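Read from first to last, the chains carry the letters A, B, C and D; within each, the first residue is number 1.
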């Protein structure tokens, strides 16, 4: 009888973990929540202290994501290893063996060099096979960086919040936890939990600190998003119960990588049928499309933006909308490639319509923030367009011009990042002026370039980034997506390209009405003069503009991060669809 | 040669990037420090001046390394890039297939015999005779933008004699204009600049701090963008800088942000350009999807293999487009058909390639203000005059022509014909409007459009060299004229209407005579019988000659010769009209005349520098050095047309006659006033109004595009508000109503039931309270009795069951 | 056997009679006396059942402890005119009737159980994997149950396991024993608390 | 009637006597004595079954627990009785009818 016991050498493990991202992933997610917890014990009158503390928390989170970036290996296409040891480095485990004669044999057991753990996985609700599973790869890292980065800036912009500071800051930090969790979760259930965690703080942030119609906007936001969540939940359950095979003794799972493997036909004997894939894809797509948002699910966005306080608008536009795109890339496509291929044309069409529709609607707005909100609809249309340009040879199932689709995917990701920077900047710029004159009527501005030249210069830069001017971030995403679209559909590509004219139209017209002209036409002119553009505001705008320029001039900085992951994703989707087509052919021939 | 490529690219990149650093320094330093000093201007001039020097050094190096082949070969033939040498090997197999090709081949040998004549058509390097292995074009990569699988987008450079020529032209003109602007913009050097064109609500003039530094920072940014455009080694990069020059143009047109007209004109310029860019993007999409690269020249991919650039793909080694049914066969670096991974030949449908060419040309139409997108350029005159001189005559608007020239190998005959006709319509329309314009800058603006039309026409009919030749010469004399007009405007205190001027030559002789140089140049006057003439004559003559050659080959397109010929006369007419109106005759407005003065030397200096260039830069015509340098870059394309000597002579004579006629008419009408122009105006008042209203394009576009897009915008917003939102509200209202029913149901039935149960229980409890005696002994008794009764029940029950 | 049966009859009669006397007596002290007799006889019955430890405990705890406590109670409360608290005759009759019925009911159930007892034993043996090793449970010696009881409180069951046929181990009573110990402690504290004099309250009232 | 039933009958008598005692005695101490009788009746059954079944000492163990608990109960009950007496100046349980509904 030999009883084997494992004795972990904790010091060594700790060293390995602190060197590796094992803990880092969880710390990144929960640090803001911890910060929120600590904020609760602050005196509610110590406003400046609390703001400083919350800013520090967001800043540390940002630094941690940078640390994670340090661990990131861009040439590894899969999920990144979080725990990696080689035999030479560490003796992690010792092996005690109780011999038959009662003596104890000690032997060093060494985790071999192959011990690479991709992602953190801990049991959470074992009865349902739900795990606390986190991982990161080239798709989530850029968005993670964006999230923590925009959070810091939005926190810097939060000085304009002037009531219930403590609650605001707590909710803000909770919101950040939810957002970071969404980008790191690899378990579908966990993903859903974080998705909902982010929803509630947002509801209160809009509903309490918002503008005059805040309740309406908050409820509208909530209804739309909840509807999307419900559809997503149905899809989750479809996948969960579809992933089990009792005959083979395979348990149902929420693991996204396993589900993706099943969806792509890489698992023997378990597949999602074509109908399942199509239905699930449609459910997931609507769920995510509401978040993106695309035509015709977009009407919550203008209201939410108009009523939300400035920093929340920044978060909303800069990060939240990205979750929709991320969900489509990370979940909807990998889990149901057949459904995705089936709906690709619709996707691209919706993308193109969103671009044009959003731009036209923006052209008709008189509310500054509403205009920027519609521009978001237009810009996020490019994301959908880029994701969907999957042209398939119907007989073999292989992608035609896969590199163009890869380009579209990359372009879509980049567009998300670029839009995160530029739209956050635009909302911030609107907020700066709103804080002073307390109105947003485009027809009552003018002449700001003369009154606040520094501010106007920065604003023009950021608006040009939104316009898609080369050398600034918006250009790269838009133009790459559009260039990739021709391979898929000529008509839709032309429609999408038409967006460049309209975008120029509404942005330049806005610039003219707000910043140019001889004099300011609206109320509260004295406040404009007495309350100059301060250093805190300037730093937010300057940082955003610098990033817009860096991303625009050297986009490889982001493409380099996501290239391999995207390439392997596209490759596996392509193979997955071909698998499905092959098996369908086999069935057909057998039937004959 | 590799070293040369490196040196050239380094030098040109220095010239290219210096203005950008200048921009950064000026924009920040200007805002924080040099608001009221000329420091920003000096930095800008320094940057662009050094850029000019770099360009010249680069040119000299290029010339040295190529043993000044340009000037020797002008005796014999043109050399193209060494890549084409290899073509000779594979030529024979290919050549035999195509009749045209064979003909060309003979041509080549003919010209080889005609050594010492001139260099027409002898572009092919496979003419059978040895040629020096001199590389004249250099390309390479600066850095990667992105790579997707095998697709690759980067920032490249492509340097040939055209690039060098453009660099020198742009930097030289820009330097002059920068210097000129120091004087012209000097009234901005104040804390309280009074803008006479803007009225505040209290009736006074608008006052603002001066923005001297800002002007120069914009100018630097523009120079950076323009040079980047010229240096670009791929069409995508061209597009990038295309947009950047567009935004610089926007910023400069809208420099007087307070003026509604200025900001509107800026918007118009940018948006109209974007309409062109829309086509440009479509062209890019087609090329990108079909060819998989944007590079002009061959390049090394990331595996280290040499891959064909766009030109090589379409034109191969010999300038021929190989067709396979309805498709164009793409070629690899050796001129063989290009195959993809699966081994099948890569082709592009012929019509798609035509569409790509048209798309890219759309961009050129927007940028070069060609018909039908010409409307923005006259409005762009809202910007300060140096801007008009630099951006809206010499460089940016010429970028369209430059691109059409650079992209020439990609244009199929159908595209070229379109280009020719667009140019033809433009040059006529613009010239007719220029005849009736009275604003001095607008006349020049229309003349610019018209001249750009000439260039397009030249390129369209296959006169690649002629078009770009005119581009360079036009840049010099038009910038000169704009600066002169700027000098006039400055001297007349921002008076731009010609009817208020007259006789100014006495007050500002330098301006008047440099202007005269420009006018003669643009009018294309020459001493009959000789080729002693200013630059405009040579270049316009080249275009008209090529057009005549083209018409000679294709008589259907006779208009392509007639219209430019007539317009040559009109051009001479309106340009001299401008000069006579402004400088000759009697002063028409005493007030303006009294206040007028000659500009300071900082402004006259550039005029005097530019004037010789305007006059003699094209000296020698098509045998001259400038043309030879340009012609060295002539692309390998079978579409290139060279006028024969006879046709050249004929066309030259026609053009000269037309120009002289136009000049005489102008002199008689405005110099001598034998007929009062007002009478003619009255006679043709309908036509006059039509022309003054610019053929009513603005109104047409307003009705056709601007208003409909606003209406559609309102519809979209309305759909959101009244359909989507109302739908949502309806859903929510229904939900609320349902929940109200639900509430009633709950309150009435569910709650009722529960209450009933509760009430019954309560009343039972009430009635049972008598048993709650509080007496412990009774409780025990109850228990005992209860147990007994239970037992009895059980007993009875079991009995009942047993029974 | 006859001796044992005789003793059983003797002590059974004593037990029952004195129990009836407890009911019938009107004086509390007498009741206590008859109770002592009844409980003592019961312990004798325990001895007859070879449950020597239980019997001893019965004597020690009940007769020696509980009843002394009761007598204390009687003494502490028996002051004044209420030493004899009479019940009404009707009540007495009612109680007697119910009691008779109750007794009848129990007898009625006891008889079938006792009749079928052999079968029950067989069934229990089958269910519990134990065989009755002839002379009852106690293989260590008749009547000496102290040691196996002690062991059962410590968690082992020699009394069962030594007769086990399948070798599976039975559970002991360690945990209940501990619980009861703690329970006793709590009860003692509680009793002390309840019974203590309320001087402080009085002082406050005064 | 074998040995087992004899014990059971004795137990039954004790139990019933206890119950009657509880119902008839107005004296609180009497009631307590009834409780003791009831417990003893039950205990006798336990021990008897323990003796005549093959289940070992389980019955005796339970009986021991009951004895101990009875002792504890007596202690607490006495304390209650004393308190009752202090509050009502009598031990007559019929006087303690505050819980009457």
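Convention: a contact is a pair of C-beta atoms (placed from the backbone, for glycine too) under 8 Å apart; a residue touches a chain by one contact, two chains touch by 3 or more.
Worth saying up front: this structure is predicted, and the values here are computed from it rather than measured.
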item	value
Dominant interface by contact count, named by its two chains	C-D
Chain whose Cα centroid lies nearest the overall Cα centroid	A
Intercentroid distance (Cα basis), chain C paired with chain A, Å	75
Distance between the centres, which are taken as Cα means, of chain C and chain B, whole angstrom	110
Centroid spacing, where centroids are CA-atom means, of chain A and chain B in whole angstrom	36
Chain centre separation in whole Å, for chain D relative to chain C (CA means)	8
Chain A, residues touching no fewer than two other chains	none
For chain C, residues contacting two or more additional chains	95, 98, 102
Junction residues of chain B - those touching two or more other chains	781, 784
Residues on chain A engaged by chain B in the complex (per definition of touch)	220, 223, 296, 298-299, 302, 357, 360-365, 401-404, 406-407, 410, 447, 449-450, 453-454, 457, 464, 469-471, 475-476, 479-480, 482-483, 485-487, 493-494, 497-498, 500-502, 504-505, 508-509, 512, 515-519, 554-556, 559, 563, 567
Footprint of chain C on chain B - complex, ascending	781, 784-785, 787-788, 791
Chain D contact footprint on chain B (complex, rising order)	769-778, 780-781, 784
Complex contact set, residues of chain D against chain B	19, 22-26, 31, 93-94, 96-101
Touch list for chain C against partner chain D, complex	5, 8, 12, 15-16, 19-20, 22-23, 28, 31-32, 35, 38-39, 42, 45-46, 49-51, 53-54, 57-58, 61-62, 65-66, 69-70, 72-74, 76-78, 80, 82, 85-87, 91-92, 95-96, 98-99, 102-103, 106-107, 110-111, 113-114, 117, 120-121, 124-125, 128, 130-132, 136-137, 145, 148-149, 152-153, 157, 159-160, 163, 170, 173, 176, 180, 183-184, 187-188, 190-195, 198
